[in-house]
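Below you'll find the structures, each written out as structure tokens.
Consider the two complexes below, in which subunit A is the common component and subunit B and subunit C are the respective partners.
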Partner chain A sequence: MTQQLILYPLLLQLLLSILLMFFWYRINAQRIISILGSILHLGLTIYVFSFIWNNGIQTLQAGSWEAPFGITFVADSLSITLVLLTAIAGLAVSIFSASSMIPDRLKFGYFPIFHFLLLGLNGAFLTGDIFNLYVWFEIIIISSFVLITLGGEKAQLEGAVKYFTLNFLASMIFLTAIAVLYGLTGSLNMADLAIKVAEVENRALVQITAVLFLIGFGIKAAVFPLYFWLPASYHTPPSAVSAIFGGLLTKVGVYALIRVFSLIFVGDAFLDEMLIVIAILTLFSGGVGALIQNNIKKVFSYLIICHIGYMILGLGMFTEVAIAGTIFYLIHDIIVKTNLFMVSGLIYRIKGSSSMRALGGFYSDYPKLSLLIFIPLFSLVGIPPLSGFWPKISLITASFNTESYWGLAAIIFASFITLVVIAKLWAEVFWKNPGEIRERFKFDYFHKMGKYRKLGFVAPIVFLSFVSLYIGFGAENIQILSSRVAQELMDNQLYIDAVFNNAQNPE
Partner chain B sequence: MEILFAIIIGVLYAAGIYMILRRSLVKLIIGIILLGNGANLLIFLLGRITEGAPPIIPEESKVFLEAYADPVPQALILTAIVISFGLQSFAIILVKRAHKVVKTDDLDEMNATDEDS
Partner chain C sequence: MKTLILKTASIYLLPVLLVFSVFILLRGHYLPGGGFVGGLIAAIAFVLHAFANGLSESKNLLKIHPGFLMPLGLALAFLSGVAPVIVDDPFMTGLWFPDPFPVIGNVGSALFFDIGVYLVVVGVTLTIIFTISESA
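Now for the complex of A and B:
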């Protein structure tokens, strides 16, 4: 009973998406099922999270095949934290999509595919088998391809071609890496690989495999110089889709990098140095990219890239403090980025434009909403005591400890650039006198909507802003959580023991 | 045999990447297909090619008596083929739609997403 517990979040999503398919054209039913299902999913995940928090790492051997032979599912603190964050972001985006997606898109299976995407995310976080991870990645990208093309506008299709090609290439490189790793060790179980890779004598080949993994996951995580697909595609689909992409899809790449480089390829000075260099360049290029954009969705797209750099930097330094910073940043970033793309959707609905030059006067028209939007925007910058501030302390401390002063400089530079970008955005969109925006016919303006639809736009933003505030003001709890995750990651023996001990004496 | 495979895989990867780097959308699809096949053959090769030894335990014995062909890579390839098959068919539809809407086959002209808006 408790053994299967970790699979329940995954199965619930599968069940939801199948159930939703039976209501293909009845979009009101789909909306209700999706929101209720997401609430149920959040509740279930909180339960599983508390169970793992109290009882330590849980594993499940699929079909009772013993550990190195069958597919293993592992829920350690990192996995289950990310599953929990997926549930929170999923609930918010589900409510947001229910009121922001036009019926034509909903009639072509938006909600079932959305829940398939969440299924893939849950699976990727929970699996302990490298080939199974590949399969979950494919589920994620296939669902995301459908979501990004749904609607078939010109910009969407162009963005989708780029998104598709680069993601497919990433999958193929990932598959190549798996092939080489299997050739080296003859195993696919990640815990087993951790033992066997350490014993391989041909270190050069191990490094090449690691670099292949780095490229494959790096494309998905959008690190320098592999990020160009992201700003070309993330602003094209509707905001609800952008929100789930921006919040979670790149983070799966980061999760995979953390998992692979903390478990399988550990303690290699060359790789760590490479990660640090990549992170510094990512921080730099993402920040500078954001500076010159005019479309607010594109600004946020570049900020995603910029902030991926923080997480990779922490991973590269690989001390307990640095990893704790990375995990804290990951938690903060998923919530805030999801929220920001929803905010951009809200601004677009209110004003009918996403161009910073044209927008303006938001603060005088909607003072309460502006104060609400203030929270995610300045959480992102990391003004204390908001949530983006705390992980940077850990990261800066870690870079002092490891004497990587370039990393330190990059952290401070990227924070500064983020501040400049957000301040510019605040001045342009909220304070400036509005420019000329043509009134659009047949456009679904916010002020023409009914009360419940308005609520559907604002409620998820309020929800995620409260989560952000909690991360900021309850930073102590989050710090405890990320330290615990960091401890588990630094000592990969814990993970290995959990996988193999359970296999020897199943309860 | 292994050498031959290695060369074939190398050619498939090289041709695939070359085709992806071309500007035409159709060549992009061909590149994707070639690359996928290359990756599948690579798994097959790295799972060690053992000729004429199926992984079946003889009746009178309880364990394998000699080297046998590893069945795991074949299962992996099967999965990978199915997945890349799905992705390729999606790619073909996507390219067809994109061609119809954007009215060009040239990737260099697909830059509406980079324009300032």
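Now for the complex of A and C:
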């Protein structure tokens, strides 16, 4: 049974979605199933994680069709780390949704779709087949279309159209790239592709295919210059949805980039150069975009773009230290960004506004909550010893080693901008005397809620803040983890061996 | 739409189309056909019935809300995928009965997966079409 362990997180999510569909109109039952299921999922994922930590890369040939003909599922350290982070963020957002989503939205199947989204994420992280990756991407974007339009407010639909168009385009380009790659090599299994692409003589065609992948995943990961759909759409849905989008959806794009450029298209100086240039521009444009925003959620949206730049930069430099920095940043970023969007939802419920100019005096009204919110905000900035600080050391070291001083400048610039943005946000929202916000009639204010609903708002933020604190104070452990991931990624032979050895002598 | 010809025809067409959809579903393993196409044909049968006799008549005929077929079909497909895991084969491995059954032929877990797909397709199609014709 242990051989199939890696599929269990995936199957559990599928089971949860199906179960939730049976309780379509009974929203209380849905809340309970979703939260309990997410807790179970987290426990299971921790178990699988420790199994892979001790036993190395695990693979599974679905349907007993041997690689490279069947669909392979591969769980290396990177995949399983991301599955674990998905489980953590999923649990937090599940609790947050149970108390923050209005019943009208829940009645239209919010929870089943939410778990389908998590299923898609798990699948995308675990699959070892590039076409299967495309299928998981489709599951993710179809679920996210439903989540982003659910409720059908005008602003939401407007955001959804932009989101839909760009993501659809990305899928199409991705599919085209797969077609070209299949034409070149005749294979879809990623490990098999890694062997065959290296043997292709027409390097120009390989480069073009790689650029197609870069564009397709780049749109999803929101890198420069293809990011504009993100700030246009992420602030429109309810905060719980923004949290899972902001925390995980763009990161799937980053994951796909890391996977494809560390396994299939390796050691191409032109591509690495291109990644570095894109990363620098992303860091710059995202940071500058965040400076001029007034809506809290839009500020965070631009910061997502900005910080994607760090990860792409590490990938572009492609040394072990740089990749370790990228992975560490990825771990830190998923937790913090999910948390921050939930924080923005909490602030909105308390004050009835998301505008920084109008807000104020949060610290004098809610000192304890403010201290809590301080943790994710300043983890994001990376004030030592909070979690954002450590990956930047690796990235800066790596850019010294590879002598990419523009990258170094961009890292420092983006950190500085983030500091300015967050300091401004802190001063405006927490310290400034409050402006006039009209008391809204019929608004679901935080202070009017019952005890349990309040808990449902605060508990996930506390949970993720603790995870952030652990990442900051237990940085040593995370560094060990990211170094191990980096080692596995730098040596793609490990991945290839894991897929094929297992296929030759199945247990 | 109340025409006598269509109404009379639909009474006979409904069972014929349903049987045909099951036929398409069953032949799908080696020949063109399968759960998806079969499901669409079954959905067409009910849509035709709804055209001739009105939406409420078809809903009475169906007894259950078509949306309920979605989780049911998904659950069936899920179980057929998980069944091999219980006997320690990888997920989605085809399990087959050793001897062919009369009329149906060989029966394996792939058939149940296809039936799941069939139910989901009927459920989704009918939910969409019924919702649209209700709001129109």
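Keep this in mind: the second predicted complex is superposed on the first by the 507 of 507 C-alpha atoms of A that agree within 3 Å, B and C clash if a C-alpha of one lies under 4 Å from a C-alpha of the other, contacts with A are read in each partner's own complex, and residues count from 1 in each chain.
By definition in this document, a residue touches a chain if its C-beta (ideal position, glycine included) is under 8 Å from a C-beta of that chain, and two chains touch if they have at least 3 such contacts.
The structure displayed is predicted, hence computed values, not measured ones.
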Subunit A residues touched - subunit C or subunit B, whichever exceeds: B
Touching partner for A:149 - first (subunit B), second (subunit C), both, neither: first
Touching partner for A:421 - first (subunit B), second (subunit C), both, neither: neither
Touched partner set for A:138, first subunit B, second subunit C, both or neither: first
Touched partner set for A:88, first subunit B, second subunit C, both or neither: neither
Contacts of A:355 with subunit B and subunit C, given as first, second, both or neither: first
Partner chain(s) touched by A:15 [first = subunit B, second = subunit C, both, neither]: second
Interface residues of subunit A shared between complexes with subunit B and subunit C: none
Residues on subunit A engaged by subunit C in the complex (per definition of touch): 1, 3-4, 7, 11, 14-15, 17-19, 21-22, 24, 60-64
For the subunit A and subunit B complex, residues of the former touching the latter: 131, 134-135, 138, 141-142, 145, 149, 152-155, 157-162, 164-165, 168-169, 171-172, 175-176, 178-180, 182-183, 186, 188, 232-233, 235-236, 294-295, 354-355
Subunit B - residues contacting subunit A, complex: 20, 25, 28, 32, 35-36, 39, 42-43, 45-48, 70, 72-73, 76, 79-80, 83, 86-87, 90-91, 94-95, 97-98, 101-102, 107, 110-114, 116-117
Of subunit C, residues touching subunit A in the complex: 67, 70-71, 74-75, 78, 82, 85, 88-94
